[in-house]
Amino acid sequence: MSAKIKKYPGEAIKTEDLRKGRVPVIRWKPKAKYAWSVGVAMSRFLKELKNGRIIARKCRKCGRILVPPRMFCELCFRSTDEWVYVKDTGVVNTYSISYLAADARRLKEPIIVAVIELDGASKGIGIFHHLGEVKKEAVKFGMKVKAVWKPPEERTGAITDIKYFKPAEV
Amino acid sequence: MSLEKIGDPHKTKHWMGHMECDYSYTHGIAGEKFFKELKENARIMGTKCKKCGFIYVLPRLFCERCFERLDEWVEASKRGEVHTYTVAHIDVDGNKLKEPIIWAMVKIDKVHGGMVHRLGEVDPKDVKIGMRVEAVFKDKKERTGSMLDIKYFKPVG
Amino acid sequence: MFVKKRVAVVGAGLTLFRRNLKETGRELAYEATKMALDSAGLNLKDIECVTLGTAPDAFDGIHMKGENLLDGAGAWRKPYSRVFVGGGTGVFVANSGWWHVASGLFDTCLVVAEEKMSSCFPHPQYAFTTIFDPIVDRPLGMNLVWIFALEMHRYMHVHGIKKEQIALVSVKNKRNALDHPCAQLPAKITVEDVLNSEVMVWPVQRLDISPTSDGAAALVLASEDVAKKITDDPVWIDGVGWCIDSTYWTNRDLYYPEYVECAARMAYKMAGIKNPPKEIDVAEPYDPFDYKELHHMEGLLLCGKGEAPKLTEEGVTQRDGDLPINPSGGLLGVGNPIAAAGLMKICEIFWQLRGEAGKRQVPGDPRTGLAQAWGDLMQYGSVIVMRS
Amino acid sequence: MRDVAIVGVGCTGFKSITPDVSYKELMFEAAVSAYEDAGVDPRRDIDSFICCSEDYWEGFSIFDEFVPDQLGAVLRHLFTVSADGLYGLATAYMLIRTGAFDTIAVEAHSKASDILTFTDIVAFALDPIFNRPLGGHPFYVAGLEMNRYLYETKATKEQCAHVVVKNKKNALDNPYAAHGTKITVDDVLASEPFFYPLSRLDTSPLADGCVVMVLASESVARKLTDTPVWVRGVGWNSDTPWLETRDWGRAIHTELAAKMAYKMAGIKNPRKEICLAEIDDMFSYKELQNIEALEFCRRGEAGKLTEDGVTERAGDLPVNPSGGLLGVGYSLEASGLQKVLEVTLQLRSEAGKRQVPDAETGLAQVWRGIPTASGAVAVLSNKSR
């Protein structure tokens, strides 16, 4: 059948024609605003970030220490049991070098982002963050890194209270 | 359930955010012709299904009932009757409107369907289901090819 | 697993895939649906129910867009619902069609997928910023390509895979797409072209990525009794599978898609497949990025972990190879209107197993095919196994 | 044919605001109680999980990403149905009927209090080309529908107000309900006109909450519980999404969904065979319109039945004994599942002060809200076939 069909439907238009208003369109920007309840686990996590610390939850059944923290262990399906501080150091599990900003703008100086397995959390438990004070050529898998915090007065209780992770002195 | 809860109301925390992108919707195949006629000639166009005879206003590319492709265009009347109406007293933010808005489903004469639009030049108390109304267009130079090219429907004798 | 009723695909339809199409979403859905009905020789009144797959509302720019699209999907005054598993939706929607019929509730079902990403303007990338956790991810300026680059890099690192090997996928799929009448980015390119293309987020370069697209696809499904009255060449859905991994993507090792394996095992068990590489004749794994084809071949157990690049180098995955992979041209070549792209893969397997794929036909009378899609935060696998 | 039963239910209860928990913690709470009620371990015993949600209710694109962990579904089989939880129940029913699945969990929730711009989001569901550019508060669609319904059936605003009074009163006996209270018909009629003839108190207030249910095939259900509630029929349907060609006076989707569910359940005379019904009442007139669409009476009679007290809890046909959406709260995609929950509790004789005596067969029905013309129906019974 596929071979028998001569013309497939669809009327293509050029992006440039859309940009220049040559194709009639209706424009809209929705108002879609939210104030998400942060909840038990993440409220504490954000509060501790403001204090310059990273906190995790531990499940006593499987023994895992979980960041970001949650009030449930997804593998054992039970409540997690206790709060545990983990270190603000860790190793690079994987990284990428971005020439694209979040809004798809082209960057001259790339942003380096990584998954960082935190010391004190269970094996493989990491968080996402930026790397800084490092040349892109110097980043390596397994590299030791350490959080660079904003000064206490600038912290707001957000993941951005950590500016980035930089190579740790060995 | 969680082994810990938040008991102190000061400790409940919210995180603000949004999902607001810009959108640009093409009129589509049927819509493009409809809006062109509305804008340039102040005509209300519909499409007719050859199979079931249904005349769609607003026009469609296809018959939703029998799935025929609709390529027969017909000009519809500017007049119709109020099939149902409502008087809105609040705006989208829930604030009381100074002037209430009268919304109506207007069944256009001799076709199926019609338009959901505003009524004008009438007091809310005088609106009745079954009332005859007519589309009032903006001036040609103000028309942009949108539903707003019709200002509202007004009563006719 | 005992399944009550065997379910067949009896018709398929597809629109062009393009960066921008003029049709509205429902008009696109109509075009694909109409073609699928026509190809099965059926009318809308022959259809008992409809299932729709479409990815985030933030593309088309309509809240509850399944409701808006329903007339285009042929669902006027019929049982109709929408399933949604991110990028996995295109294959998953056929799985949902399968259970509508396999349950015995319905004898015929339309399966429709639509995406009009171009409504999000100037670029659909903006919509992607809303797929991330607002507390731990969005404040860091998340970009979709960042996280896939993280996954690709991890995969390359664990197995010692080179970019040259991965680029072969892009070269193959874009070339396969030259034979696809709906394709958006068919091209004859070389490995060097891929390696020299603009670096977006290392290791991801411009030619490693599929485009954003508008498009729609549709299938007609029928129960065994009804299918045999409609066609002499039904293609059977013998296995369906789906699986999701944890939301906490930074707590997982991204080098291997365990959730794809879990979904594949579900589908293989249902289809009675014991040795996938031997029993699968043609496969359409999800390839929004070139490395994903390799990643998914491994997750689908079509080869061992880390072995897919070698198979690709050896030409095994070419259309005339032992295990043709993405003979359609895949998302890299045909385009990526998310849910429609996944369903396009099932259309391709349908045509391949009926011997109707024309210039794209893989040789040797393929009897068993597979399609797979991937979605959410690198955590969803959906799989379908089909036989002629 | 393979029978399907509800074997476990869990619910957080409904509240106008839940600032102390995240949506994940809310879902976890309902899931734990549902699995406990069913006596199952989700990590082992549930063959597939179904989550029911729409992205803009949550503030996330692809909300499916954010659900597996708190439901026990990591590296297991889960998917999202973009619809009310009642569609999720129908989907679970189909999956079990295929023979390939024995146990399914269905989840639906509302964290409506997280949404700051609720009406703007409803407006974002209007057709972007033909309806949305006209602006306005989108509930005008309900005003249009109510006016036509009253016109065609000769039902009155007073009769609609009776629905509000009844449902808010019923909710007083429901510990899960957020909006129970004692008011009079005059209170409803005196409330501000929003979209004439629709007034403020004709409209369901929003609520947060989560419902999780476990469904099982007959053989598994009999092992798990002594009080299975059998799903005897499901139906769902849609009229046109176009405002311009839909039937403004009737709920066509309810009529067609009911026909499907009744046929499956073998129900010939709903009024005689169904003991209680949880019916969509997002707006007061919807309850009347849907009672008629469900064939409990002829068109134009539902208002009179309500005035006569037939739909009170002690009446001949109790409608919304839970308090309905007007009394419990409109909980987005959890609305239908809240209705199934009430019917299940009634059929298990666990409805406390709300218990309808000798209830054997019940019905739940839901509408997907403005601007849709879609909805679903389920017929449940505590007697097996």
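Order as written gives the chain letters A, B, C and D; numbering starts at 1 within each chain.
In this text, a residue touches a chain if its C-beta (ideal position, glycine included) is under 8 Å from a C-beta of that chain, and two chains touch if they have at least 3 such contacts.
Because the structure is a prediction, the values reported are computed rather than measured.
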Starting at subunit B, what is the smallest number of hops through touching chains needed to reach subunit D? 1
Which chain has its C-alpha centroid at the greatest distance from the C-alpha centroid of subunit A? B
Centroid from C-alpha atoms only, then distance subunit A to subunit B, rounded to Å. What do you get? 42
Between subunit D and subunit A, distance of the C-alpha-averaged centres to the nearest whole Å: 37
State, to the nearest whole Å, the distance from the C-alpha centre of subunit C to the C-alpha centre of subunit D. 33
Which parts of subunit B, given as residue numbers and ranges, touch two or more other chains? 1-2, 5-6, 12, 14-15, 17-19, 21-29, 31-32, 64, 146
Return the residues of subunit A touching two or more other chains; collapse runs of consecutive numbers into ranges. 11, 13, 18, 23, 26, 28, 30-38, 40, 42, 46, 70-72, 74
Touching at least two other chains at once: which residues of subunit D meet that condition? 19-21, 25, 28, 55-56, 59-61, 68-69, 74, 120-121, 123-124, 128-129, 133, 240, 242
Mind pulling up the subunit B residues that touch subunit A in the complex? 1-6, 11-27, 29, 32, 35-36, 145-146
Subunit D to subunit A touching residues, read off their complex: 18-25, 28, 35, 41-43, 56, 59, 68-70, 72, 74, 111, 113-117, 120-121, 123-124, 128-129, 132-133
Contact footprint of subunit C on subunit D as seen in their complex: 1-2, 48, 54-56, 59-62, 64-69, 73-83, 87, 90-91, 93-95, 97-100, 121-122, 124-125, 127-129, 235-242, 252, 256-257, 260, 264, 368, 371-372, 374
Can you list the residues on subunit B that touch subunit D in the complex? 1-2, 5-6, 9, 12, 14, 17-19, 23, 25, 27-28, 31, 56-58, 64, 83-94, 101, 103-105, 112-118, 124, 129, 146-148
Can you list the subunit B residues touching subunit C in their complex? 15, 17, 19, 21-32, 60-62, 64-67, 69
